[in-house]
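Okay, here's the structure, questions in a sec.
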Amino acid sequence: MSKTPEQIAREASAWWTTEIVDIQPGRIGIRGYPIEQLIGRLRFPEMIWLMLRGETPQREQADLLEAALVAAVDHGPHAPSIAISRMAVTCGLPINGAMASAINALDDIHGGAGEQCMELMQQVAAAVEGREPTLELVERVLDEYTAAHGKIVPGFGHRWHGTDPRAVRLLQLVRDAQARGVVDGRFATIGTLVEEALGRRKGTRIPMNIDGATAVIYLELGFPAGLGRGLFILSRSVGILAHAWEQKQQGGRIKGPMPPSVPYTYTGPQARDLR
Amino acid sequence: MSKTPEQIAREASAWWTTEIVDIQPGRIGIRGYPIEQLIGRLRFPEMIWLMLRGETPQREQADLLEAALVAAVDHGPHAPSIAISRMAVTCGLPINGAMASAINALDDIHGGAGEQCMELMQQVAAAVEGREPTLELVERVLDEYTAAHGKIVPGFGHRWHGTDPRAVRLLQLVRDAQARGVVDGRFATIGTLVEEALGRRKGTRIPMNIDGATAVIYLELGFPAGLGRGLFILSRSVGILAHAWEQKQQGGRIKGPMPPSVPYTYTGPQARDLR
Amino acid sequence: MSKTPEQIAREASAWWTTEIVDIQPGRIGIRGYPIEQLIGRLRFPEMIWLMLRGETPQREQADLLEAALVAAVDHGPHAPSIAISRMAVTCGLPINGAMASAINALDDIHGGAGEQCMELMQQVAAAVEGREPTLELVERVLDEYTAAHGKIVPGFGHRWHGTDPRAVRLLQLVRDAQARGVVDGRFATIGTLVEEALGRRKGTRIPMNIDGATAVIYLELGFPAGLGRGLFILSRSVGILAHAWEQKQQGGRIKGPMPPSVPYTYTGPQARDLR
Amino acid sequence: MSKTPEQIAREASAWWTTEIVDIQPGRIGIRGYPIEQLIGRLRFPEMIWLMLRGETPQREQADLLEAALVAAVDHGPHAPSIAISRMAVTCGLPINGAMASAINALDDIHGGAGEQCMELMQQVAAAVEGREPTLELVERVLDEYTAAHGKIVPGFGHRWHGTDPRAVRLLQLVRDAQARGVVDGRFATIGTLVEEALGRRKGTRIPMNIDGATAVIYLELGFPAGLGRGLFILSRSVGILAHAWEQKQQGGRIKGPMPPSVPYTYTGPQARDLR
């Protein structure tokens, strides 16, 4: 604590360091650009890209990112995040609180599949070492992956949908973009091979789902795996907000997961007295 | 609890009711549209609009919404939400947890100004009753508003910026859209009159800020005040994510608000012994 | 920004000011007491009291506080907070994240009844002005309260329990403490009168519930209304933790509010095509 | 979806299953005990034990648990959790929201050290296989642990305190309890050996801290490692609440991590124009 005031002032300023935003009276610079130049010229997905990566994307790169953001906004009240958002509103929470509690639930299991699928596909890409990916190579990486992470392969299969219509459409957009030279299609190929390998193993089709398809897009666009979860959250936040708002219009107080008429099951000790 | 199984099953299904999304095996309908028709065709702001309001906007309406979403993404680490996001990462939280803690902080004071400003402008609009808004009328509504809510008028003034460059640019876009018949400019006029009235009162210019300018846009586009906060959160989430990610790259463990070298001030009782 | 380093250093230290805790290398003072004197000598409720109020309570005051803390720990999985805690675990959240999402839900409606009931009883106490509270006076305050806050009177009635066994027992403990001179019983009397007044109005008994009974205790002990919610949270956190832990042992992934076999009700537009 | 109403009703009830609490109209059973028998008779730490473990502890076991809960309530505003709690209040959050955002931050790094230390000590205990633990054996387990988890050994050392006065006092209480036959002292011995081994490695004393000492107590009392974090949260919640409440009394709006007079450091691109 025997620092000089100069040292303390310097350390305090250095404690918070950022390359993202520079704020001075009357001036807000985003990655160097005056914000007023960006407003009305950058699309929202382009702004997301600039904020996360430091430079603006090309128009067709932003188109792909936008398609992925549009695709994942909602999956209904059976999803814990959506249900939590609605229950929170009936507890009196404002929109920010409901969104916070819901987004908090987008952790490894409920929000991490895209990120994990990106890691898996990056493992395949690393094993490929510039060659063409093959089914054999994908099988080998899958063996390693399931040995380390268990049987569930993130990004493939869905308990609701035989075929995920979002994934089909997104893959088609990736192939279109590849045809126009926007992306090279490497991860789309890897994803398709993983799907094929899983189908062989299980003896039935385990189709790529929304997490797998957005993982392909984010990798094709050069995003690191760690941002996969964040991009998913930006997308799903829209559904979380829409459901919070709808619940607010519906009203209701202290809405539990099931109606009071549906009892839960108690399996603890029989009634007893404190000795 | 003496309900029949039929009643229980019916009540359980009716407990969760939504107009937003219909999910069946292999089919996801968003406000009636098959999701695969929306992906790659709707822009992200259009999807946000559809989710929140049930119908898609016109192209130029979506442009204005997009400009507002772009404008509010970040205001640096002095903002508690951004700081909380970064501190949370150094505590070991994943991206979803950091974003949740940060978004939670966007409550009445840190995230509610836009919504409150929309309410104020709606009060003015209601008082206008179809006539042209005048400075006198705005003064009267302001008197009522400050009597009920205190001296701080949300959406005007800023402790950092004399003029908020975001607000200037956004207002210009509203006037452009008005010239093209996209919006009618009513709330832009109201906002300008509030600014003028505040300037008179304080004897110095209290310029419209980002919350005021986005409030104008959201009202011109027909959003209810209650969604003002939610739209702001969708925008600021981008900054919260970018800073969480940057902090993750920087590393750091258990990063407090100030460096350990800067002591806090203890003003409690002198050291004493438990009797 | 043209401050001297001395000013910056001073302002930085003054930015965080507390009377609660003084930390120096090798020394932690809680409200002036060396922490090692408190450990093993203060009971947990006494520590809670010291932290919140600056001085330690008398033994019998701590007994009453402890009874209130014990009483409110859990109300089963129909309570949104408990359900959120369990759902969060199945999304992959660690204990801290599950507890955070759940505690967030203890807002005005689900966690604020105790605080609101304290405010109502304080209004009665203020109207009494030192005289003996009467049913007429309570009726008058109730009229004012419901005019301002709506028909629901916090702290009385319960959708599950005719009589709340927790409230009965807690009231008995307050009366016992009153007989021993620990508290003066003023708020117990007010609570009983409110119960009587409500029964008259509705033509049926609206018994005091856990929120009402703990409100009586906290007021008898001199806690401000604003701490009622916080004390409830300290208590309910125990249940939130126990259920999070039990769910972790049970396993389960992405557990929605209802089993997948129970459909929700979609009431939005019929299936349609994007034009 | 072709289930009968009977099946749906049964599945819905079975979806939520608990051994903790049984709620019927007019009856609340906690682990089988009517709640009114517990109120006023169980101490708060005994209730915590009953909720988490299903049975009540002996009086002296509860004393040790209570000492640990008292010890960890607060470590000042440099701790991110405490700072977040205070910042949240200045953003307009109610007590529940401030506590939620703060508790969320008690993740692996800021709230997980106790749990991790319990796992380490359990590894030592498993390696001991009933024999007396020795320094050599502890060294070997430490090697394995740091190989798997990195150089930081949770529960030992502190960036503020040379000796942690809380740990010294808690260890003394464990030894006292051991002398009275309440615990067997096995983990106290293991903890002391770890401390010795670390001191040898670093050539300077790396004393057991609060996380290490509470880990010893929780293990001596038979708690699983996974509950270490939860018990810490119950304790630290008291400090989080006290600081939220103090900040509310102090006032302040949108309080960032450092005063506005202390600038942060921007290291991004120089100002540039959007092409």
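Quick notes on this one:
Here the chain labels run A, B, C and D in written order, and each chain numbers its own residues starting at 1.
To be clear about the criterion, contacts are C-beta pairs under 8 Å (C-beta built on N, C-alpha and C of every residue); 3 or more make two chains touch, one makes a residue touch a chain.
Only a predicted model underlies this, so the values are computations on that prediction, with no experimental measurement involved.
Listed by label, the chains touching chain A and chain C alike are B, D.
Ranked by distance of CA centroids from chain C, the top chain is A.
Among the pairs A-B and B-C, the greater number of C-beta contacts is found at A-B. When the CA atoms of chain A are superposed on chain D, the rotation angle comes to 180 degrees (nearest 5).
Chain C has its Cα centroid 29 Å from the Cα centroid of chain B. Computed centre separation for the pair chain B/chain D is 35 angstrom, with centres defined by C-alpha atoms.
Centroid to centroid, with C-alpha atoms defining each point, chain A and chain B lie 22 Å apart. Contacts with at least two other chains are made by residues 8-9, 12, 14-22, 34, 38, 42, 76-78, 83, 93, 97, 100-101, 104-108, 111-112, 160, 255, 257-258, 262-264 of chain C.
Considering their complex, residues 4-6, 8-10, 12, 76-81, 83-84, 87-88, 90-93, 97, 100-101, 104-112, 159-160, 253-258, 260, 264 of chain C touch chain A. On chain B, the positions that touch chain A within their shared complex are 1, 3, 7-8, 11-12, 14-23, 25-28, 30, 34-36, 38-40, 42-45, 47-48, 51-52, 63, 66-67, 69-71, 73-78, 83, 86, 94-97, 99-101, 103-108, 111-112, 160-166, 168-170, 173, 226-227, 229-230, 233-234, 237-239, 241-246, 248, 250, 255, 258-259, 261-263.
Across the complex, chain C is touched by residues 9, 12-22, 29, 31-34, 37-38, 41-42, 54, 56, 93, 97, 100-101, 104, 257-258, 262-274 of chain B.
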